[in-house]
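Chain lettering (A, B, C, D and E) follows the sequence in which the chains are written, and residue indices restart at 1 in each chain.
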Amino acid sequence: MILSAEDVYGGYGTRRVLHGISIQVDAGQCVAVVGANGVGKSTLLRSIAGQVPLLSGRVMLDGEDVSGQASSKLVRKGLVLCPEGRHLFSGLTVRENLIMGVTPLKVNAADTEFRIAAAAEMFPVIRERARQAAGTLSGGEQQMVAIARALVARPRVMILDEPTLGLSPIMTDTVIAAIQQIVADGTAVLLAEQNVRASLAISDFGYVIEGGRVVVSGTGADLLDDAAVVAAYLGIEAEIAAPE
Amino acid sequence: MGQITQTFANGIMLGSIYSIVAVGLALVFGVMDIPQFAFGAHAMIGAYITWLIADASGSYWIAVVVAVIALGFLGVLTQVAIFDPLRKAPPATMFIAAFGLVMVLQGFASVIWGADARRVTSAASGSFTFFGASITYQRLIIVIVSAALFIAMFVFLKRTRTGISIRAAAESAVGATVVGLRPRAISLLAMSIGSALAGLAGALLAPVSQVTPTMGDSLSIKAFVVIILAGMGSIGGAIVGGLVLGLVEAFGSGYISLDWRDGFAVFVLIAILALRPEGLFGKETKAWR
Amino acid sequence: MTDVLTVRGLTRHFGGVRAVDDVSFTVAEGEIFGIIGPNGAGKSTLFSLIAGSDRASTGTVEAFGRRIDGLTPFRRSRLGLGRTFQNSQIFGESSIADNLVIAGIAHERRLGKRTVKDQAAIVLKLVGLSDDGSRQTMSLPLFDQQRLSIAMALMGAPSILLLDEPSGGLVEQEVVALGRLLDEIRDTGVTVVVIDHKMRLMTTLCDRILAMATGEVLFEGAPEEVVNDPGVRTAYLGTKEDR
Amino acid sequence: MALASEVTKPSRGSRRTPTAGQLVLGAVAVLLMLMPVILLSDYYMQIATLVLIYTGLMVALNVCIGYAGLVSVAHGGIFGVGSYATGILMANHGWNFWYTLPAAALAGALLGLIMGILTLRLQGHYFVIASLGFGLLVYLVVLNWSSVTGGAQGLGPIAPYDSLFGITFEDSDSQYYLILAFAFVFTGLMFAIRRSKLGSRLEAIRQNQRLASAVGIDPSRTRLVALVVSAAIAGVAGSLYSPYVGFLDPSVSNLDVSFKIALALVIAGVGTGLGPLVGAAVYIVLPEMLRGVEQYSLIALGVVLLVVVRFAPHGLVGTASDLYDRLIAAGHRPPPDPSPPDQESPGDLSRTGALSGGKR
Amino acid sequence: GSNSDSDSKEITIGAILPLTGPAADLGQHSKNGLDLYQDVVNKDGGITVDGNKKKVKIIYCDTQYQAAKAISCGRKLASQDHVTGMVTVTTTETLPLYSFNTKKGSEFVIVSSAATDKIVTSKNPYAARYWFNTKTYMPGEGKLLAKANKDNDLGIKKIAVLTSDDEFGTAWTDNFSKGTEVAGFPKAATATFQQGTTDLYPQLTPLISSGADLLAMPVTCDQAAQAVKQAKELGYDGRFMFMLACDADDLKSKVANPADIDGALFESGPWNSPESPDKTFREQYKAKFPDMPFDPSASTTYSQAAWIVEAIKEAGTTDVKKVRAAMPKALKKSANTVGLTDMQKNGETTGVVHLRLVKPDGSYQEIE
């Protein structure tokens, strides 16, 4: 087990969003969190990544209690968040955005180049638009840069919040494939996705969140078979796929 | 002939002074979008510190160094106490807070040091004549320092990771934290660099001008004009902006009307804002959308 | 059927990037017209050109029986062009009701006898937002935000409605509800132009679909034709069979 | 359909219980009317009158900053132009005060129009800086156009207010009531603007200009109208000032005034109903209270501002009304529950029921 | 009105000064003079009025160099502090006071050091000028300058004037230029600067380029020092001339290189003659403010206050009409550090002014 959240309570100011969530991610695994809009998936991921303070509970990274540590520390320990809404540096060039992805890690120049080149393999837009201001990219292009920015940090655990939001179908496939690749390369991935089917399909394990709590969990395949999950999140598909 | 070259030289020297304050402002306002209106007052405090230390130590250069360091600390203090808590406030609030800071610093200076003008003797006294224009060494130093600072700032912001981090943190605080930067620490750094530069401007200005609580008043406005003239993001453009403003003022007051001396900067400002709000060298930036 | 929106040779370059490149198409009255294309194809830019928040380098836009390129966004809105943005935009400091009223004040003349409040009531009901009009909007759930921005676009009783990725971030069930909503809106006589990546939504909803890539028109036709076009498949859909 | 009745009002106002707000306003109005009975010295009456004159300027600024979101540092200049318009026409051309009043309003409006046209595209900091430049320019004109304005030597003496409908304004009490009437009109005008369509449009633009434009609101025209109205009010306030003090020098229009009134309004509460009056009081009374320790007055004003901005971002009035709202809210729904109503409570989660909620 | 409180223990005198703001240095120096006077006059328990010994209290009010503030100062001092008289200095913002000090019940005497004639032409029965009338002495000074030029081979051909753009500077400059023109010099080149300006290059460059060999400056001591320094930097090698606000010794202590003002001309008069009251004043000043640079504006305000107090003593009451009537007589008895004479009905005063030349060896030559 490389990452776990134990009985986490959290929220914003006086607003409680998480009510005792526990999840865990094993090394080399891809774990998905699914749930309706606003149930607290992003809040959970942000709480783990040190973006939102915990009210109580623990976050363990590689056996170490990292609860409440700031992102800047967690990044150095190998835990990187690719946030919902991208949060790119819009006035910086694509290249500078990626450089920022490694800056806190004291990676030397040659290695930085190498990592950027590797990311460009996966997302060619990085090479094509290296000198364009990130803010002027299209929505989908920005999403790719955001994933790449997390990727160049070579994290041990990568947390992806809605990575396919706004992506074209083909790009969605690309990103899903990329996530599989990342996992295959040994990075553990914690994933929150509105594209429930795709995310469960590539996940080793999944958690269904409701009202700030885990209500169902199981392997990705089990959850895809779960009638309630299908009914709740895979509306059209459920209608179309039901006879099969 | 003598008057033209002298006026030209005056313009360059004046523009360089504007430019030095503008470098700090380019970083803090142009990049971080914090309208630090108090840099003029910072320069004034820097000049007083220079006077104090030069008096005590007998060395102008030691005084300059102390002033720069002290103002760097003042920058940290300002950021921690004023601008950092206002991160999420509407931009106008920051502006108003900066006005408040000007008043506090000015009030502080007049309470402590009184209204009497203080004088600092330059370490490099004397002057030379160049094409009929008389130029003092102290003013020459200002010209050289401002040029050097611009190059340094340009390289710093575009080429060094720390510099890029400052720009990054200014663009998106969330983005900065997720990659592991500490935006608040970064803005502390940037603000202290900015204030230190304002202090340097004050220290260099002290032997040229007299040191009084109001000496920085017009500097702030002029520095803002320079930044806008140059274009918000454009560091390199700012040196040209400073010089253009200095020359416009020197020739305007020399050949058109002395009474309108401060007016020329305003004409330039309004013309730029009305005709080309992105500045002479700026690209269209987020502020316009 | 009459054409309500005609775009001819529309082009917009950003430096070297051809965001929109010689795009022409026509939308008929009462249609739901879909626009798809890879990320960065120029769809949102195209919307900006039609709605007036960006200026085309060349090309024309006709609607309401006249050329509208050259008009400011608010003039186009007052003529009956409603729009939403890719990241839904609302007046975050105001209640739902205030959002709607503000969205309606410029349209009193269009609404004729109906008051802005009447229109707000009608629109709220149509989009199915809860009638608690005094709710604050800052922390609304995504779907509600999306519906609110559609409702605001409807406040001017538009004849053309431009929607940029209304399903962004919605879960499947909400996407289904959204589809139904768009159908209902069309049934009230509004011509809808919609950009979206959710192909299942687009194929069931749209009468015709325009596919774009790198700023150019790739293909235009009925949904089945678009889905089966090899060019669209390679550029946009991918080879997976289930789309 | 529960479309709230106050939908046309911006939401900050709509949270306040109206009767309480009206009560406070009424009490303040009565208090103001009793001032001459309470304040018996010339000096105090002068302070009170100046507060009311500057209330007019603050109203103008409130429309600009609070409603339109445009932080103007030119209003000192516009005020100066209004006062010089009246001063010049009265002192140099022998006009009756009442004829100069519309001239001053016009001069202010014209200035607002020019400034508006020049700054149409500017927002945020850029507008602040542009207005600063504009204000400086006005000051320089007043200072340097000495053949008309008297330049640094000043302009005066300016006669007191002319009588109107047989009422004379020679003693300090009648002058006070004259100004008070204007202050009431200004404040009423301000409330009217807020409730008007102009107010709603301004609110929309302030919150999200792109969206406002997309729903048919013309941002440029709306802003222009707001600036012109605001500048006209500032011009009238300036006009009232001249006969009262009887002498003008360029310092009425300098940047210092512009800065300090903006500071004072922020301290009092931008966008609030009583903000202008309280702001004017801060601007006029605070320095008078610090007489004798003037060297500390800059520090005091600055520190007060910084503290208020930091801990009471809505200003004194705004924060007081927020506190009041919270008290009322606490009284209305015991026990106090800070979490919003749409928050699902963790207790009622059954697996199937919970899962059915894609939308709530 | 001060009549009402004749039984109070103090006599109050108001001082309306720009204590903060761009002219703060002038205000502060003026205040020092008044502080000193208050000490001196109260040393023996004050003065005798209406048969009682009363202390004199000076109440300051800051104008921040703004007319509006000066007006509220006036109202405050009159209606709150019931002052008998007020002292104002040579800045414009106090001019509006003259429009209301005659208001029934709140009359007070004003003694101003303004340079323009506004005060004395305002027909205000309670105003008086403690200053030289530039209009009357300037023709003579122009002649003196021409004489010195010839007798001492000063070689002055063209005159330039650098001045602050306030009422004092402009009034002095106007009258000085007229006086020198009448005495045969070509029209002087002039340049003005705003209070608070420290970079005078833009002003000095055209003045120096005009070929002037006498640079006259009716400015404060600090400003004069700055102007000398910058003029020298710009290569000016002509003479300087300074007016009453600064004495040669004061200025020498402020310029980095005292030799810069060798050969300079100063407006001079009884105040720097060996036995003048100004000398005593300076000694007292040095004793009270050992760290403060001396500034002549302090001696002026000192004398202004002394004049009012002397008039009260003379009149034996604080009744404003009587005090004002006693002022001509009191002028002769009061400290009068600059040696003014002849108070006229309208409040105007006159005095003798001549020139003083600073010789290269540092000695002075009076030109009378």
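A few points about this structure:
Quick note on the criterion: a residue touches a chain if its C-beta (ideal position, glycine included) is under 8 Å from a C-beta of that chain, and two chains touch if they have at least 3 such contacts.
Predicted, not measured: the structure shown is a model, and the values here were computed from it.
Under the contact definition stated at the top, the chains bordering both chain C and chain E are D.
Contact tally for D-E versus C-D: the pair with more C-beta pairs in contact is C-D. Distances between chain centres, each the mean of the C-alpha atoms, put E farthest from chain A.
Distance from the centre of chain C peaks at E, each centre being the average of the chain's Cα atoms. Separating the CA-averaged centres of chain B and chain D is a span of 32 Å. As a whole-number value, the distance joining the C-alpha centres of chain A and chain C reads 29 Å. A straight line joining the Cα centres of chain B and chain C is 47 Å long.
Centroids built from CA atoms put chain E at 37 Å from chain B.
Shared interface positions of chain D, defined as residues touching 2 or more other chains, are 143, 210, 295, 297-298, 340, 358-360.
The residues of chain C that reach two or more other chains are 141, 143, 171, 173-174, listed in rising order.
Residue positions of chain E touching 2 or more other chains: 19-20, 165. Chain contact summary for the complex, chain B toward chain A: residues 161, 164-165, 167-168, 171-172, 174-182, 233, 285-286.
On chain A, the positions that touch chain B within their shared complex are 49-51, 70-72, 74-76, 80-83, 85-92, 96-97, 99-101, 103-105, 135, 149-150, 153.
Interface residues of chain E facing chain D in the complex, by the touch rule stated above, are 19-20, 60-62, 64-69, 71-72, 75-76, 78-80, 92-93, 95-96, 99-100, 106, 116, 118, 165-167, 170. Chain B meets chain E in the complex at residues 2-3, 6-7, 10, 13-14, 110, 114-117, 119, 121, 125, 127, 129, 134, 136, 208-210, 212-215, 217, 249-250, 253-254, 258-259, 261.
Those residues of chain B that touch chain D in the shared complex are 29, 33, 35, 81-82, 85-86, 89-93, 95-97, 99-104, 106-108, 110-111, 221, 224-225, 228, 257, 259-260, 262-263, 265-267, 269-270, 273-274, 277, 287-289.
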